[in-house]
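Once you scroll down, you'll see the structures, which are given as structure tokens.
Two complexes come next, and they have one chain in common, chain A, joined by chain B in the first and chain C in the second.
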Partner chain A sequence: MKLGRNMVPLALVGLGTSLILLVVVVVVGIAWYSNPPFGLGDAPPQPIAFPHTVHAGAPEQGGQGIQCEFCHRNVTKGAAATVPAVEQCLFCHQQVTGTTETARVEIAKVKASFENNTPIQWERVHRVPDHVRFVHEAHIRFFTEGETPETQLPVSQVCSVCHGDVAGMTVVAPKPGQSLKMGTCLDCHRQNNIPTDCTVCHQ
Partner chain B sequence: MSLTRRNFLAWAGLSAVGAVSCAIPRKEQELAIESPVRLPEDLVEGLDNWYATLCRQCPCAEGVLVRVMEGRAKKVQGNPVYPVNQGKQSVRCDGGLQALYHPHRLAGPMQRSGPRGSGQFQAISWDAALAALGQQLAANGSGMVLATEPLRAHLGLIAGRFAQAFGGKHLGFETLDQVTLRAALESVYQQPLLPDFDLAQANYLLSFGADFLSTWLSPTRYGQAYGQFRHGEGRKERGIHVQVEPRFSMTAANADRWIPIGPGWEGHLALSMAQVIISEGLQAPGVNINAITGGKGAAALEPFRPEAVAGKIGLPEGLLEGHSAADVIKELARDFAKHRPSLAVGGGSAGAHSNGLFNLKAIYALNYLVGSVGTAGGVKFNAGLPLNELPSNASVGSLADWKKVAADINSGATKLLMVHQADLAYGLPASVGMVQAFQREGLFIASFSTFLDETSAQADLILPDRVYLEDWGSDVPDPAPGYPVLGVQQPVVNPLSDYDPRSFGDVLLAVAQQQGKAANLPWATLRDALRESSDKLFALRRGSIRAGSADEFWRTMLQRGGWWDESAGIRNVAAPSAPAGLLAQIAGEAAAPVFSGPEAESFHLLPFSHNSLLDGRNSHLPWAQGAPDPVTTVTWQTWVELNEHKAKEMGLREGDVVKVESAAGSISGLTYLNPALPPDVVGIPLGQGRRHGSEYASGRLPEESSNVMDLLDGAQVQGSGGLAWAAARVRVTATGTSRRVSKFEGTSMAREIGETPGERIIHITSPSNSGGH
Partner chain C sequence: MATERIDHKWGMVIDVDRCTGCQACVVACQAENNVPMNTPDRFLERRAYEWIRIERYWEGEFPKVKARFIPILCQHCGNAPCEPVCPVYATYHNDQGLNVQVYNRCVGTRYCINNCPYQVRFFNWWEPQWPNTLQNQLNPDVTVRSRGIMEKCTFCIQRLRRAELALERQEGGRINDQNLAERNLAPACVAACPTSALMFGDQNDPNSKIRPYFEDANTHSERERKTRGYRLLEEMGTGANVIYLKKVEQYPLKQGESHG
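This part shows the complex of A and B:
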């Protein structure tokens, strides 16, 4: 079939519209099914290979058993859990320099960051949108100070409700099947008889 | 290619595709997270949490929101949904954070290590402290006295049952007690709960001695209603406020007219006004004069004709402006009767004379004549309590009760005194003999104070309570706003690691459990008791919270700061009819005020509650010390208000140290010259002169910081047993020394704008004098 001259611009418009729709579908799809939104991979590569298994893993599995809140020191006090300052890593790593070549290299990066006064730029793994106000402290308090056994957990177990078994992860990835989207929040709120008014989470 | 509509759409589409495609791979800054190099002392993320709770800095327990960042409370402000204060807060609330972070907080339990009253203690463990208290309760629980601040709601319930379980008694302590006010209101209106005064909708407000904008009952609520009263939306005209009070208080300063009546004659003025209203037929339609006067009409009040009382009640000449005092009374009565809805309230010094009960009854009876009982713009009644078991005011003791406690200690009937926020040694007149009673051998005093004060300095054992921002609690407001309210207090922070306090309520429950006396106290903690009440309220299925489950109800209640049921107020308000012959009966109780102390060359002493220190409970807070008094602007000191001319006659200037002597004792203070004070009156604020505790409050120079309660001789109000704290006369003498008064007012010279040559100011002209331009 040969297009008439008058049909060419019409085809271009049709093509353009289809492309826009396709892009919209792809963008929305990625945003909906990935975490973080516009996902850069479930477990993004980090500037320093930090194995939670070694630090937070159970001692019987070769870990140090450090409590989550020891490094994420704001998690029981404020809205953000916070990542630790480099100086805090050096509390131990002044002495602990690593037993394997990989460990030595990675720990050296931490020391270099401190000596060069250069903050470490980690890749964010968990994120909720800006219009959500999520307070770590309130959630931890709920699951640690409740009246039932399900709400009297140690802090580290509370973390894994949303974040999965981070202590067992070499590279941090979102909890499988946990999108940290509104549905996840609502499911948990309903399950625990927590109000689900918009203003509970949205500013 | 020409720019046709189609071409434009095509290019626009392609551009959009390009723009979106380019944007996708760009790495967003928000996807990075940074580890700072240095460990900050306090990681501030800039995100705050706000928790609803109750303020405990004054008895009205306002609902507040507390801003918490990184586990530290940073700011306290009014809770907009809480019915009592509706988003506003008093100056007292702001001091709460200083109580929380105070350097002189008691860190943990202590036992006395020196002689009683020496203030020497040594730290002990909680186990040892609780064992010691348990031992005392087991041995001396019967006859024990649990003295607290007036406790309401759950703590009131627990304290009452606790004392009962051990065979003792629980008494609430108010320095300037409201015993007389409660008795008068109950007698006149036949209602057990304090009513709500509907200032907002009144047209005419006549207040006898009630400093309701500063410290009386629920000042923040009244302050807000006062704004409506003056210029609220929909008002036709500004409300008129007349303040009848011998001292120029903050409320008097706001009034349209201030009538400095002779101290103790308020009841006579009220009955005289009633006589005018009845004799001139000015009462509201439907008011049954025959019933209220016992069938006698105006004759029942014949002795109170304006002409008969005008000479007694001490209206100063300057006020009369050429009229007779009787004319002023008549004018007042006519204005009061004509500007309906009008409201008469009374309190403060009017109820603190020997005849205080009569004064207050006469004042509140006026509302019947103008039809302001149980109506909008008048006295509205509180429909009931949120839950019947929760008291709105648990067993507040009168002066007579405290005298009995001292006597019981002296006789050995009471061997254990437990004290929580009731500073008996500081707040009771010396004539009660409480401090002497403390010295009796065999008496054991356990204090639950968070800070050292006069009474806890006498204690054998101190078990420090948590500050309210760290603790659970509740409140049934008294007075309530016309409907049932249960305020909830929740811990918004944990105590700093240096402190190891325990909740007073939890300690009582634990000790009762330990001693096997917990039959009526089935809760492990105060929080459990709160939760149980929450479930009961949920079962009522009414009020401000709609929830699908008890858990949701509880969490929503914590989120909002409480539960209330406005519909209950509308449903249950009933206007009681006046008791038969009420006015005749009150007239029969009339008595002239009786004063103690020197008569010649002396003044009436009017102590008053300090705007921020109140009765001294906040004197350890620098904020409360430094907040200027609203009328005099004085901070940190005890001042003696004297009439300006009288002081000049006596050769006194501002800052001169004077000795004030009564029949009971003497104190020192700094002269403050007040042009708006009758010449026969001195006003002295409460709150200073502590001998123990925080260095912000104690150890100061006696001429700058003294306790006015030392001047009171323990006279009682006839008929109520309350403290007649305005019934003393004092002599004021110069000591010859002088100190600077630390005040804000007058520290820089005031001058009129435009006086300096060449100073340019804007002239406002009217068309008539500017030639029409």
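This part shows the complex of A and C:
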């Protein structure tokens, strides 16, 4: 029988095919279950070490207890939450120059940025695709000005629904296990009896 | 706080008699909706993107010649021919009477463009590009459509959403003709029209300017109408949500002067 001679290339083809299939499955799997793709749980390195614990953390834990919307001012007014202008950092940091060596170095960077007129290039942590229009203001208003106790939360609690406990983070990272995919949006919209028409988010 | 959605049915009335063919609507639309720039060769290839376009017709022989203009945009048909042919439901009819194109669902089969009798759908054959001087002009509220997907007039859905948020959710009112005009939330072409040839409103609002035209067009046949309203290709039964008002002919061309 000649079968034996043909078996070797046949096995190689089979091995190769299953290898390619395995790679495809792994790539698709990672892309599907990560958000954003290939970066689940990543905290990007920021140009200045900004500890949210010190600024927004509770006073009992050594923070200043600043509300989210004090710095991210547009969050209760418009679509984007916005990162504050360097000028706004200087409201406090004109006086506050830091107590530890690292703090002094980092705050000096903020001052230098203000004096040189160069904005700080913060790295974005939470991102939805370009074809999605997310309006922060509408979501905050729904959960703060509603009629039931579940929709009368303080602003900082509403933020942490999607962003996690940012006040307890030294480096901002996505909330573990939190997806910013369309299914997550739809689940919440359905639970709260909010329209799920495509044009609500896709414009 | 108002969270429930008010039942709107958007519609547009275009008075052909008032249209001067100035193309302000075309430019406004191009700027508002991130429509890529058209070059002469794009026009020659018949691949220019114009969500609203002015069609020009000449009537009569020189020197007794008349120019006719008619703005044509997506008719947002109630019974749209483009919708049933889409294999991925990227185009569908929403609860506000709009024919919606969902860019992230579209796979670019171009069936809809072939089935649209008005030729108002545009396929992105290329990745859209703008010169550097126009990069900051792009509207952040509107998706930039990438290569390989279909796009068309949305009745400026981003402006309507903004109107809903500001006027209905925040202030608890209701969108009407007046506050749409005051807050500049009507579609860009309507806001730009210098002769008010384009009118936009809610067909369900009893006080809206456009409502009598729609009532008349929906209840009477074309010959029995009291208004000048007609729909484009009405005999096809598309049930368009755009109504045109006939040209008023003050000095009609005499017999033999026109091509007829």
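As a convention for this text, the second predicted complex is superposed on the first by the 163 of 203 C-alpha atoms of A that agree within 3 Å, B and C clash if a C-alpha of one lies under 4 Å from a C-alpha of the other, contacts with A are read in each partner's own complex, and residues count from 1 in each chain.
To be clear about the criterion, a contact is a pair of C-beta atoms (placed from the backbone, for glycine too) under 8 Å apart; a residue touches a chain by one contact, two chains touch by 3 or more.
Bear in mind that the values here come from a model prediction, so they are computed numbers and not experimental data.
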| item | value |
| --- | --- |
| Chain A: partner with more touched residues, chain B or chain C | B |
| First (chain B), second (chain C), both or neither touched by A:67 | neither |
| First (chain B), second (chain C), both or neither touched by A:194 | both |
| Partner chain in contact with A:102 - chain B first, chain C second, else both or neither | neither |
| Contacts of A:157 with chain B and chain C, given as first, second, both or neither | neither |
| Partner chain in contact with A:135 - chain B first, chain C second, else both or neither | both |
| Touched partner set for A:203, first chain B, second chain C, both or neither | second |
| Intersection of chain A interface sets (partners chain B, chain C) | 79, 130, 133, 135, 137-138, 147, 193-195 |
| Of all residues in chain A, those that touch chain C in their complex | 79, 129-131, 133, 135, 137-138, 141-142, 145-147, 193-195, 197-200, 202-203 |
| Contact set on chain A toward chain B in their complex | 9-10, 12-13, 16-17, 19-20, 23, 27, 36, 38, 40, 73-74, 76-80, 82-89, 113-114, 117-124, 127, 130, 133, 135, 137-138, 147, 192-195 |
| Chain B - residues contacting chain A, complex | 4, 6-7, 9-10, 13-14, 16-17, 20-21, 24, 27-28, 30-40, 43, 45, 47-49, 69-71, 531, 547-549, 551-552, 555-556, 559 |
| Chain A contact footprint on chain C (complex, rising order) | 1, 3, 5, 92, 94-96, 98, 100, 102-105, 141-144, 154, 157-158, 161, 165, 169-170 |
